[in-house]
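Take this structure first; my questions come after.
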Amino acid sequence: MKKIEAIIKPFKLDDVKEALNEIGIKGMTISEVKGYGRQKGHKEIYRGAEYVVDFIPKTKIEIVIDSESVDEVVDAILQSANTNKIGDGKIFVLPVEEVIRVRTGEKGKDAI
Amino acid sequence: MKKIEAIIKPFKLDDVKEALNEIGIKGMTISEVKGYGRQKGHKEIYRGAEYVVDFIPKTKIEIVIDSESVDEVVDAILQSANTNKIGDGKIFVLPVEEVIRVRTGEKGKDAI
Amino acid sequence: MKKIEAIIKPFKLDDVKEALNEIGIKGMTISEVKGYGRQKGHKEIYRGAEYVVDFIPKTKIEIVIDSESVDEVVDAILQSANTNKIGDGKIFVLPVEEVIRVRTGEKGKDAI
Amino acid sequence: MRKTIKVILGGIPLIFLPQIVGAAESGSVDTGTTSWMLISTALVLLMVPGLAMFYGGLVRTKNVLGTMMHSFVSMAIIGVLWVVCGYSLTFGESIWGGLIGWNSDYFFLQGIDDAISDGVPEYVLAMFQGKFAIITPALISGALAERVYFRGYSLFIILWFLFIYSPLCHWVWASDGWLFNAGAAGVIDLAGGLVIHVSAGISALVVALFLGPRRGYPKSAMSPNNLVMTMMGAGLLWVGWFGFNAGSTVQSGLDTARALTMTQVSAASGALTWLIIESIMFRKSTALGLVSGILAGLVVITPAAGVVKPVGAITLGALSSIACYYALVAKGKLGYDDSLDCFGIHGIGSGLGVVLLPFFIRESWMADASAAIGKAWTTWDQLLVQLTGMGATIALSAIVSLIICVVVEKTVGFRLDEEQEVAGLDYSLHGERGYGMLTSDH
Amino acid sequence: MRKTIKVILGGIPLIFLPQIVGAAESGSVDTGTTSWMLISTALVLLMVPGLAMFYGGLVRTKNVLGTMMHSFVSMAIIGVLWVVCGYSLTFGESIWGGLIGWNSDYFFLQGIDDAISDGVPEYVLAMFQGKFAIITPALISGALAERVYFRGYSLFIILWFLFIYSPLCHWVWASDGWLFNAGAAGVIDLAGGLVIHVSAGISALVVALFLGPRRGYPKSAMSPNNLVMTMMGAGLLWVGWFGFNAGSTVQSGLDTARALTMTQVSAASGALTWLIIESIMFRKSTALGLVSGILAGLVVITPAAGVVKPVGAITLGALSSIACYYALVAKGKLGYDDSLDCFGIHGIGSGLGVVLLPFFIRESWMADASAAIGKAWTTWDQLLVQLTGMGATIALSAIVSLIICVVVEKTVGFRLDEEQEVAGLDYSLHGERGYGMLTSDH
Amino acid sequence: MRKTIKVILGGIPLIFLPQIVGAAESGSVDTGTTSWMLISTALVLLMVPGLAMFYGGLVRTKNVLGTMMHSFVSMAIIGVLWVVCGYSLTFGESIWGGLIGWNSDYFFLQGIDDAISDGVPEYVLAMFQGKFAIITPALISGALAERVYFRGYSLFIILWFLFIYSPLCHWVWASDGWLFNAGAAGVIDLAGGLVIHVSAGISALVVALFLGPRRGYPKSAMSPNNLVMTMMGAGLLWVGWFGFNAGSTVQSGLDTARALTMTQVSAASGALTWLIIESIMFRKSTALGLVSGILAGLVVITPAAGVVKPVGAITLGALSSIACYYALVAKGKLGYDDSLDCFGIHGIGSGLGVVLLPFFIRESWMADASAAIGKAWTTWDQLLVQLTGMGATIALSAIVSLIICVVVEKTVGFRLDEEQEVAGLDYSLHGERGYGMLTSDH
């Protein structure tokens, strides 16, 4: 099994969620993060001074899936999260050794 | 070494923490996340309209442990986080290659 | 490729960011977490009673890098985040199987 | 100087002033009435942050400051404009066939430095009225929330103030205004059912239609960022409304007491009714529903607080909540995006009050009206006057708002471009964030 | 009409009214006094959002709106009920052997449309008193926070208002109330030490014991979600309390000035004392401690502000903070869950004021009392009167509250079921969230 | 007793009091004026939470409560001290060659229980003045934000109140104060341009230099944790300022109306000007800029509101925003850390008002001054008086503040140690957190 971690622009979340739904992904976990990268940080103004805030709000999506579905999921995210502007984010694929559903104790595929 | 990521219902955190303490787990990191899954989202009301909020508040617990302790930890979480209702959450086990303690630079088991 | 997860004291973030910049790390994602460990929790006072809050605010930094850079990055964090006090945090190294840049679809090293 | 006071008494010109002890002859000050008018001015000012909080809590986090700015900036812009020419345009003598007023003494308030009008320094009356002029454009900001340029909004409220508020206020509240003199005793509009809420509500609808919906509306849920603040704001609005309505009697006497009482009663009744509706519809009642009901009760009584009695106030409050509730439900179906329901609450609720108040008028008022005109003055007669006022208000607001929208869009720009809308007003237009909690401790 | 004014003057019936210039004969308005009573009414209204913020900040995030609703809904429910029958039940003539009042003129406030009572339109007095009736049940919500049905709470406050507040208010403040006429010059309770704070405090204790603790209490820390808002709320409460106490003199004169001064002084002294206690106990002093001290100072002076002098007010404020502090510590040991300490602060602090005030009374008051009764009236005599009032208040509140709790539980349900309590009031009962910050920008 | 009233009229001693109807002879109460002074007292109290919110929103999350405490604790400490000896030190008769005042009647306010001064109970005047004494030290907390011990701060404000505020207030506002009697009609300082804002501003600068910058300043961005709250606070400050300035006329009449009008106008003008500056500099204008402009407008008019006319008020408001804006920019370059800009806004803005007001004085005031002195009194003469006041204020504030800083540092400690500063005031000094949102639902 694999875990997909996608860092995307917050306002794209709805689109990504829908794209994932369409390919049958029914579970995911999201969190609010701040990103630092090529995308230039915000310029904020504070009483006559302008300063750069390096960290930009991003949304992180975590999805654990069957190894075979990885490409499909990655494609769905790529298409739905893309705005063609710097800062669109990254997708990371990590190995997962086991998945357990708390309610039933089911393991592996069945637990997803 | 392994990393256990458990997504649980927020109000179960205290119980899980205690269960983990009992089996000797002394370190963990938690964060606030939102989950999407089988559990139906909240219905919220806004001026005469009802709409569904898909993402439900969850707590994510991350624990890095020795490979041998995995089962014990998973069991402790399973028992303490279970309410027998949909949405109780998942446990993911991921491989970890190295652990370092910032203060001392210790590595591996000693660093946990 | 590897993913470095560092749990540090929040006020050290600026130093760590700078140290990483110096060794050429240009991308990272941070989030706000709460930690539980050896460091004793805060004592808070509430109307005549004192109670301990177990979970202490920490900042989590996630950096995905090329496998070769791991040691360099870990060292940079170790040096910049260290205050020599309990609670300075941990660094975890996890394997990453793939990285994709959303904007371009680039994969692997190029995507970082 | 008498003019001013008559002017402002708008809704209640026939009530027994002699009853008041110590009401001073022109030229000397009644400290008690002055005290109440001073504090009423402060109370209406309190409504500006109150409104900023109310609206600010309802938008998404990325727009919270920008939305609050819409209320606050009116204090800056209209606050200055009022002194420069506003008081003159509204309360000056009729010019251009009564279309608007002008009095060069009022230009920069130069000529009223020593003026005392029925016991109250005219400065106070001018400032009290100025607060009304400040808050009215800010109400409209509910309709255009989360999607306009700050410069566009600023230009909009300037034009709106000059070309809608000023004439309308002159018609309804100036002693030589045509609506002030319509029928036996003028159109009844104590504290601005027409001048403030209907005009803002109608303009809101026009603006919402002109701008089109926020991107993503209604598909994505646009959850309030801080309902807690919305509730705080509602609390301040209720408190401020006492100054708004009871201050509009320009007394500290029986009429004032009546206006305050009806305001309180209608607000409570509106709140209770909304809760009941919701608990029937959803088996739950909401905090936003409660405060919406408070508002519905407050706007409906605004024109009427000087002339109805408690039973009337309770009834009006309840009817207003019902009407506003269904207006909001209808909005959902019609699909236009009056984002924070300025039309649905201020327009509908206060419009209802303007039209229904003839049916609840205190008998003594009708008797005085009949006496004044020398023949029986009926509810239906007054209804006709009210409907005339309503028609004029709607026509003026709708037509001129549309023109203003076009002008703003073509000059400085009104509707925000997509990228900035997505990033949010706070960052895009103001270079700030409302809450810096997440990383502020680093 | 004189009745009403005498009624409300409750705590200070002997003070030199003639001193006031311009106090009008019955039938004409004193604009100055009316102005102050109008604004006092607005100030007491401000306490409702103030209380909502104070309490709302102390609960957990998931209950913030539900807790604020507990204060706001009282504005809706009691706000209407007061007009329907509340004013009559409290300030009508004694019926049923003085158990309660009734005056059909007061039903829907129908008969007071023109009434002027000692220079103030009676509507204002009725509204001022109505605010007290609104805020009192809301105080109790501190004891039942985070664990009751909204419908249960609503029914509770209706019954509580009808069967506890109304009789008690009649006894203490109606001119024919038995406690108003006890002893030489009645029980001293300027602004509701008994009627408001002790009654709410005792009922709070009963309710807390009846409901049992919140799940997890006291094991889990139930940290305040927003102490910042609690501080804001405390600020508004302090401001509003000036209307509460100084307005209760129904004057704009010397007594008013005294009441305002003692209120200010006692609050400052209470705050300072609490800080000192904490810095001795913990070597730290807290924001919540500071505002708790403000409250302790305010509640203790509420019955007493009309009769004590500054040194007395400072002393009372300090003693109240000490007493309340230890009451809260004791709660921790006894283990009942008066969640936001309505009993520990309102009950204890204000009860202390009721009982201790005889020792700090202004000499002139005692002299007048002696003159009125025709023999020396001592501190101990007055203490007895105060204790009588206290006993009656405690007995009524405790017994009837218990009955009401049982009735509410058996009918619509009072204590929330476990699942809903765990999910929080905001989601379970209101379908809302207080703060939508986390994902609101998506 | 006349003294007090003359005293407080400070800025406007020559204005036609007789104009007011019903102003009572000494010994009887004018209910209208009393009403306004009561409510003004409440309004100035409202500024304390307003300031706490304004400042509290600007610091980092970890210091939000500690910063709010700085305002609130002044209510506790100075609130008590004022009653004990403050009123006596300021408004007692000159002792020690006029350095300060003393009147043993004022000790614990013992001797004023029945006093009525020109129609207003002296208690009210004492409380009104007490609020000024409370808020002034709190202003300085903007300069030392996020880096002092709470005990150090507490000692600081005690000493500051005793050794700077008290003498200065006596000089400027006591009827036998030397600045009150300087020139033809005294230094003009209606509501505390010198006594409050310049003194606080200069002391702020000294304290900021003494303490040194916060760790990390200016390298790290220290973003406001809650600009939304800062805006709310600004709203409350504006409202409260009406009591501050218009209450300082100790009337409810023409001067009051003038003061209120100029306050409103200057604030609006300041806000508008700041927005314009920012939109020129950054092509954006900010919420913080808007509220900073409001403050700039308010502080500049504070000394002047009694003597200028609307055009003057607009001009002063605009000039103040320009001056303050550049003062803040200069701070950035000079590198001292007056964290929340107490000097840059209160010191600069209000200092400007003190110095520029002679150029905008109402002609009638100058005529009266000339009449009083028996020869022509010119703008330049008054300017000299104003500059004298300014010099005295700066000298006293600067020198004594420095001494106090040293004393505090050497005794209880002033500057926080590094570890505690890093952890934040809220946890380190108060054992609390402002917002518990993140994990509060567990």
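Lettered A, B, C, D, E and F in written order, each chain numbered from 1.
Quick note on the criterion: a residue touches a chain if its C-beta (ideal position, glycine included) is under 8 Å from a C-beta of that chain, and two chains touch if they have at least 3 such contacts.
Owing to the predicted nature of the structure, the values given are computational and were not obtained by experimental measurement.
Q: With respect to inter-chain C-beta contacts, which pair, A-F or A-D, contains the greater number?
A: A-F
Q: Between chain A and chain B, two touching copies, which fits better, same or different residues at the interface, with half of the numbers shared as the threshold?
A: different
Q: Please identify which of B-E, A-D or B-D repeats the interface of A-F; the criterion is that more than half of the contact pairs agree.
A: Selected pair, repeating A-F: B-D.
Q: Could you state the distance in Å from the CA-based centre of chain C to that of chain F?
A: Distance between chain centres, rounded to whole Å: 45 Å.
Q: Please tell me the distance, in whole Å, between the geometric centres of chain A and chain E computed from their C-alpha atoms.
A: The answer is 52 Å.
Q: Measure off the straight-line distance from the CA centroid of chain B to the CA centroid of chain C, and report it in whole Å.
A: Roughly 18 Å separates the two chain centres.
Q: What are the residues of chain E that contact at least two other chains?
A: Within chain E, the residues that touch at least two other chains are 22, 30-33, 35-36, 39, 220, 223-224, 226, 232, 282, 284, 286, 288, 430-433, 435, 437-439, 441-442.
Q: Residue numbers in chain C touching 2 or more other chains?
A: Answer for chain C, listing residues that touch two or more other chains: 11, 14, 30-32, 34, 44-46, 50, 55, 94-95.
Q: Would you mind writing out the residues of chain E in touch with chain C in their complex?
A: For this pair, the touching residues of chain E are 221, 223-224, 278, 281-282, 284, 286, 288-289, 292, 325-326, 328-329, 332, 341.
Q: Residue numbers of chain B touching chain D in their complex, please.
A: So the residues of chain B touching chain D come out as 44-51, 53.
Q: In their complex, what parts of chain C are in touch with chain A?
A: Residue list for chain C touching chain A: 3, 17, 26-31, 62, 64, 94-103, 105, 111-112.
Q: What does chain E use to touch chain B in their complex?
A: Residues 216, 219-220, 422, 427, 430-433, 438-439.
Q: Which residues of chain E touch chain D once you look at their complex with the stated criterion?
A: Listed in rising order, the residues of chain E that touch chain D are 22, 24, 28-36, 38-39, 41-42, 45-46, 48-50, 52-53, 56, 64-65, 68-69, 72-73, 75-77, 79-80, 83, 108-110, 113-114, 116, 119-124, 126-127, 130, 150-151, 226, 229, 232, 429-437, 439-442.
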